[in-house]
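For clarity, chains are labelled A, B, C and D in written order, and residue numbers in each chain start from 1.
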Amino acid sequence: MSEKDDAAAEEVAALLADYRVVIEVPLHWGDQDALGHVNHVRYFRWCETARIVYFEKVGLMKLHREREIGPIMAAVANDYRRQLTFPDVVHVGARVTRIGTTSIGLEHRVVSRSQSTVAAEGKSTHVVFDYNLQRPTRVPDEVRRAIEELEGRAFPRS
Amino acid sequence: MSEKDDAAAEEVAALLADYRVVIEVPLHWGDQDALGHVNHVRYFRWCETARIVYFEKVGLMKLHREREIGPIMAAVANDYRRQLTFPDVVHVGARVTRIGTTSIGLEHRVVSRSQSTVAAEGKSTHVVFDYNLQRPTRVPDEVRRAIEELEGRAFPRS
Amino acid sequence: MSEKDDAAAEEVAALLADYRVVIEVPLHWGDQDALGHVNHVRYFRWCETARIVYFEKVGLMKLHREREIGPIMAAVANDYRRQLTFPDVVHVGARVTRIGTTSIGLEHRVVSRSQSTVAAEGKSTHVVFDYNLQRPTRVPDEVRRAIEELEGRAFPRS
Amino acid sequence: MSEKDDAAAEEVAALLADYRVVIEVPLHWGDQDALGHVNHVRYFRWCETARIVYFEKVGLMKLHREREIGPIMAAVANDYRRQLTFPDVVHVGARVTRIGTTSIGLEHRVVSRSQSTVAAEGKSTHVVFDYNLQRPTRVPDEVRRAIEELEGRAFPRS
């Protein structure tokens, strides 16, 4: 890697320093739409993957495999800052910012490697859902503890 | 159609009565993800189409074809109310709720035919963008007038 | 509908007369890629839905829900005849052309309503798969009979 | 990397030794469908990207940007060998196997890193298309030469 690449990599890392989970996503040519830039819908796919990696780390996906208790999407929002075009690699961070009684709030950030800047930022809320009973259930204590350990701080009980 | 179908169709229509543009979207089996319901990302694709139909009606897509001035996504958010599964048809409404100097605000609503209820609702903000100059530009007067005619009301100048 | 629309609808129907299952798919603006036409990948999504409707009709999806025996994709191919653009509606037919010991062969046809012509045609092979045992299993007799009834002809035992 | 990882990486590389262009694609959770494995449609998206990288290398995408002469999909086929699940990384190779008067034939191979084996293989045919005139045009000599150089062999004139 050249010095220039090093500097860019440092900028990307700095923009995602507060995110405990970061994934790298090389763009596909087909992510682009008829306007010639990456379609806004794709960003949600990337953020979802970052989130699943996060949920896996804190035991929520295992819970879903073993007991059909897992996250269900309640709300999601994205602000778009920059257009993206193929080829590029985006670095996508996810972090938990809120733990409710039955819900978990996250923030996402999409950073373009070629532009060394934030391309999009978003928030989402996920309910812990019992897919057997088809209703929300409490955030399990072990998941809460795992999130607190990963984020390095305690979250207020709401 | 049976009487029951008639009643359901009326409920769907009532839920979208305030939306000037409504499209019908039959779900694909492949819209579903590993959790067995329609993935949240797909809803954004449907809302986008309803929006493009809207933008076409008010002359914004024509402007893009002729002068490369068209909408660019600034922000979008969805709240999810109900899980969707294949097979089903969703009716997706779009309406303008705000016209700024260089931006347009919309609301979207996704109604499930099989459940006769709102499956998701959302908002989005779109900047009118000059793709040649790569910068925002004013909402053209003829677009503003066409929106006001379609919505049947005047929008305050901001 | 005008006489012109009637004539177009008849042409579309004639092109799909040999297909026992036909679905209607309104295109999304976002199905288009940076070349300004519908991306080739989307055609596979539509054919898949037509196929799932077919498999549902002959009991194969029910078998999957009840006993985890269902279709798994072995091969698929498409020939592209015409470019598609938004807005349009495609009519997508599926029919079984071959029943093997553990596999089923299908043909698909995508017809554009606006062009009243075949936009793409394809073939696929699906293995009947026991998802519990993770191996192929025989095409169940009741599925074979249901296919023969739907297609109105007997298929040779291979 | 452990020795085990090294061995796996060597296997992956060996399986793609004959492919001049290879891209790495980390899977998304959302690539999986309701059957719990990666949906067959996604493979086409990855192969497309590998192909675009190839076409870029041999000057065909530049030709499209400058003179609207570029590839258009005529046919594509995939054989599926292994199920894929998230998380995994696939390595996707593309190579040209045939140059016709107005068309180019490619082969693709999808290798799973976690399984160190071929997950899918396919073929595609692309016509060199003049998007202005909306008709096929000859494979430009400089593109032919660039392909021959990349592949390290001459292709028969057809």
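Worth pointing out:
Note that in this section a residue touches a chain if its C-beta (ideal position, glycine included) is under 8 Å from a C-beta of that chain, and two chains touch if they have at least 3 such contacts.
Everything numeric in this text was worked out from a predicted model, so none of it was measured.
Listing every chain that touches chain B and chain D alike gives A, C.
The most distant chain from chain A is C, comparing centres defined as mean Cα coordinates. In this entry, A-D is the pair from A-D, C-D or B-D that repeats the interface of B-C, since more than half of their contact pairs coincide by residue number.
By number of C-beta pairs in contact, A-B leads when A-B and A-C are compared.
For this pair, chain A with chain D, the centres built from the Cα atoms lie 29 Å apart. One simple way to say how far apart two chains are is to compare their mean CA positions; for chain A and chain B this gives 25 Å.
Centre-to-centre spacing of chain A and chain C amounts to 35 Å, using the average Cα coordinate of each chain. Touching of two or more other chains is recorded for residues 29-30, 41, 45, 48 of chain D. Chain D meets chain C in the complex at residues 35, 40-41, 44-45, 48, 70, 72-80, 83, 131.
The part of chain D that touches chain B in the complex is made up of residues 29-30, 32-34, 36, 39, 41. Looking at the complex, you find that chain A touches chain D at residues 23-26, 28-30, 45-46, 48-49, 52-53, 86-87.
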